[in-house]
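Same chain, two partners: chain A is paired with chain B first, then with chain C.
Take a look at the complex of A and B:
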């Protein structure tokens, strides 16, 4: 392994977030390389971690993430995940990990949940559906040390992170699965209001996800599938000025100050958690 | 009196989603020998108030005049009481599979638009929506063809099945619909 941990940003055709994901990883001191899907899958062995970024792999044909999940490189991700290598899937990357059977990964390779088309509800009534794009707040609902990708965060941390997807509603035909995931600490992030109060109702939960789930990890905690985009919130300057809550207040306070705007944004902690975990491991 | 009409709508140009699905099934999931072709169409079932020939006439009107189901520039459609049984080239068996999303809401929105904004009122009673996949399989044994089509349809792990994630989607045979 290299002295500076190396992270592969896996890119499938149609993905479009690889550049900012690479920057977000480099901002926490990691070396990042965009790794296209048609390179030798064995080449991933030389990396300390992998991120599958957002976008529209294969134009979302058939359903989001499923065609990419059948590529040989995902077989390698399954193998490396089993060896404990950290893997993060963001948005379309999360859909790829779900369709690969890496998340929730109770039986690795088995497809145990779906990221279904959004169906937003209020009081049980459907009020909106399909693609939606907004800033959300997420609450960390598992102990930070439970997952590699949250290890540097404070318990019950609340982050402001944008989401942009049409198929992000975690659901399963297996009764009680999400209750089991919550009990086992695999339900990592839930949608909440700026004060950290979790709700399944729109607009706090922007997609109708079961138990307001925004991110799920595997049993070992080294693989995380998250629907919102932490790489789009890695610098304070990326936070909108009118955002409610402390992150919006921090952004307003930094108005006109270049140095302050270059400070870490709310999503930075997810990548910093990886950097911290790799530093300990190496 | 009411009647069901089935509308199948397909692209005139090559359907890249169907091509991608076919190539993935053949190249990644090991069905290169068995799968000759895979085709896709939008499937709608419209429950309308008039019966008989009047129902078919209304279905045709909905297809051609509402701009909801068919864009004549890029689509071909077929309107009948039942979607046609798929035909296959010699040496193959054709199997039709209908798929759709559980909690699918587009059909309800379409019904609201037809009954309200487009003025069809009580003449349109219900709308169902799905995707019709037609497999051309290199076997003349229907039971074997169905087994293959079912295996290719349902994603249980990353090595089997492609078209339906059973946690969010349904599927059934076209002739059982």
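Take a look at the complex of A and C:
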């Protein structure tokens, strides 16, 4: 019997989602270990995949993720990513991967996009700014096999996932970059309504992100930076009862049944995709 | 060691002042709030003039904030604090209530603590609110618990009144402080409430409640273990380097706010830093130390540093175990050069803890903080350092630069001081307004848009409700927030807060009763069972007899309700208060005090959170049941406020035996499985409750309803107009339940057996309208627009 694949949950000071990220990985049968930033970076080589979780690394000093991205451990992530090792960045972790130059990674190591402060718009008019926490719906807009972290999902899957961030607006100084990413299948998840219709308008798109982008992968598809939190939607219990759409309906249908609520939630598919990919690789 | 060092000559010459006025002036010049009587008492206890360090230490220890000198006798007289759900009562930084058995002979407890940060938030809203969360989270953490939730009861001035600009600035600033700090900390926000009222124009109230999860066997006590009689125990200070922030903070919190003195006031507010706290907390460095201590068999004690800093924490940590202490201020890591000894000793620099550990274990503690978690590397000047030791002789000695700057009996330091204040109740003589009938739809829309009833979504969307992945019901989603503390069990912990200043203004006793009853109704409305409470008692000046009477009457009301609304599974056993806080002197220099504001937080538990319900209507065809008879009790209502600009007299005066049966009946009804939605009747009355069920907590509702007001249970013989308006908008406690047709008879039977009036008063429809029959109708879109748009309109 093959050994259980091991995933490192990389922890920088100020991060705060390590525990639930570890639980979400264990729920799909993987082994997970929280890996402190000041441990030997070479130790990461012994893991089959890495997740950089959410929080406020280094207090979001200067801008989110930028200081953590200068840590030796991120150089190692760059190397391992180049070797095809799966890496997921969630929220602040996504910001770290962007600042490390892993995502979109057209030229690995170069910062090509930014996760700018939220600026919610309706018809181009700014209606709100700053931190926001809510449940969103995401639509898978690349073929599932394009990315390690979506491989086990159905094409055009719609997931209900919560977001909670102040700087999650994908943007770039390079004109046409997101069109190119979309054409190349690197634009993986977009914000949509419960029926799967994508919109850049608030509240469907909760942060004003370019092309309603919620997640971007690297050209090889092994590295994904996602702003909403799949680990907080790993059990059906976590889905709000009054949420519109099929996930809310599933939650309401499970009313009163503890076992049904302990079943997989919408975010589970992201981690299950990794588990499936690693099992194939092993 | 301290032996042989001389006592400093820097002393405050109490005996040089013959008259009180001169002494008082001299104390104030030194920034000390002690009264002349207290200063003389201090000199008498010490047998000499106090050193400046002692003066500032006792200034903090004898402040209202630390000593509860005015409130303690009243609290002792009235509040029930023990019972079968209590794991730890109100003797340490936080209380602990029973969640359930672990299955391996231990018990899971929910730690609960409740604090205020009112004065700082009025002066510097963002920093004040942030440090409020910081303090409460430290209180829970240092019990050995994982901090799993916070909630914020907030009280602001009238956003349309004469101080509107300032109120809006404070509101925005406080919300910023809560999200900027709480979110970074990684503790989910489970709700809270917001009330706007002119009585808070000069004094906002920023309370904060925190919950933690702990195994009983792993509770960490705030005392030096008795092993310190046999072997040396070090005192280790951990965290930020000490600076001069918050110097005098405890005394500041116990004074009237003088707006003219803002610069001084600001200096007394601490500087928050969630980053370092996150590194210390939550599965991190503190827990690593606790695990290491457990593994090594080291008996340890821990206390957070809050009011009066090192001096207060070290003296209390040691005194609680029956020890004295020696503190060497030269070993304290500081952020600024040349700090005076009294500043190092009592400054309230945030993000610090104090450990008492056996000396052989000290290197492990220092290694975990300073090397593994690299505190000096992640934050300039932060570290863990030994600053002293416990001593068996019960002397509390502080040394600095070759001198003894404090030398007192430790029990004298921590004993505090008490006063018997005089109470003389004022009479509330406002007449009852004349109620006019009619216009239910129009009045409903105006009430829905009023700031105290309108959705708070524009504010709470700043709060991270999802971190830790424990959320079941979140801010705004239902009457109480619910989390699943354990991932492998379906248990739920429900938390709510309540307190309505308009009731307390009319009658502080009934204000207290209603705060307890409403908090319990909120818990019952989601299906959970109340197991205990905390209170934060926000009042004016206890030296003013009318204001002290308000305090006493409110506490008497809290007590009466806690005893009559007893624990559901233990008839006759009061629902206990396991923790709390008293915040007095919430008045401006002009003498304007807040109205009686006892704020109650209630914790409920449910053995299967799959049964928790929200208010949003689920399925057309279901029946709407109203439980609890309406009465002509419009006193203090939102209705009187909005349509009569008045309070009246007829505050809700629940029959507490009926109220208990109403609450317990609702818990049973939801447990029976036939209830699909539930919402309690409170602010704005029955029609607001029903409208909110149509709209849904987050505004996602799609169903309509038909309601027949004539079918609503009513208790009284009033005129038709009053009966109609009281039925529609009266705030007498009750519930509206959405019940599947087959379950209607069993649910009604549950209430009938308990002697509670309940009746089917309408039904859920697929047409998105609230249809009141002959009284008119309102569309769901209009209801939603009024309720969601009300607050942004007022706050801008």
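Please note the rule applied: the second predicted complex is superposed on the first by the 280 of 282 C-alpha atoms of A that agree within 3 Å, B and C clash if a C-alpha of one lies under 4 Å from a C-alpha of the other, contacts with A are read in each partner's own complex, and residues count from 1 in each chain.
The working rule: a contact is a pair of C-beta atoms (placed from the backbone, for glycine too) under 8 Å apart; a residue touches a chain by one contact, two chains touch by 3 or more.
Because the structure is a prediction, the values reported are computed rather than measured.
J.: May I ask you to name which of chain B and chain C touches more residues of chain A?
T.: Touched residues of chain A are more numerous for C.
J.: According to the stated criteria, A:58 is in contact with first (chain B), second (chain C), both, or neither; which is it?
T.: both
J.: With both complexes superposed on chain A, which partner does A:101 reach: first (chain B), second (chain C), both or neither?
T.: first
J.: Just chain B (first), just chain C (second), both, or neither: which does A:66 touch?
T.: So A:66 only meets chain B here.
J.: Contacts for A:234 in the overlay, against chain B (first) and chain C (second): which applies, first, second, both or neither?
T.: second
J.: Please work out whether A:133 is in contact with chain B alone, chain C alone, both, or neither, and reply first, second, both or neither.
T.: Second partner only.
J.: Could you tell me which stretches of chain A are touched by chain B in one complex and by chain C in the other?
T.: 58-59
J.: Going by the contact rule at the top, pick out the chain B residues touching chain A in the complex.
T.: Going through chain B, the ones touching chain A are 16-17, 20-21, 24, 28-29, 101-106, 155-159, 162-163, 165-169.
J.: State the interface residues of chain A toward chain B in the complex, per the touch definition above.
T.: 58-59, 61-63, 66-67, 69-72, 74-75, 78, 99-101, 109-117, 119, 126, 129, 169, 171-174
J.: What does chain C use to touch chain A in their complex?
T.: Residues of chain C touching chain A: 179-180, 183-186, 274-275, 278-279, 282-283, 372-374, 377-378, 461-469, 471-474, 477, 484, 487, 490, 608-611, 613-614, 616, 618, 673, 676, 696-698, 700-701.
J.: Quick one: which bits of chain A touch chain C in the complex? Just the residue numbers, please.
T.: That would be residues 13-20, 23-24, 36, 38, 54-56, 58-60, 130-134, 162, 164, 229, 231-232, 234-235, 237-238, 240-244, 248, 252, 254-258, 260-262 of chain A.
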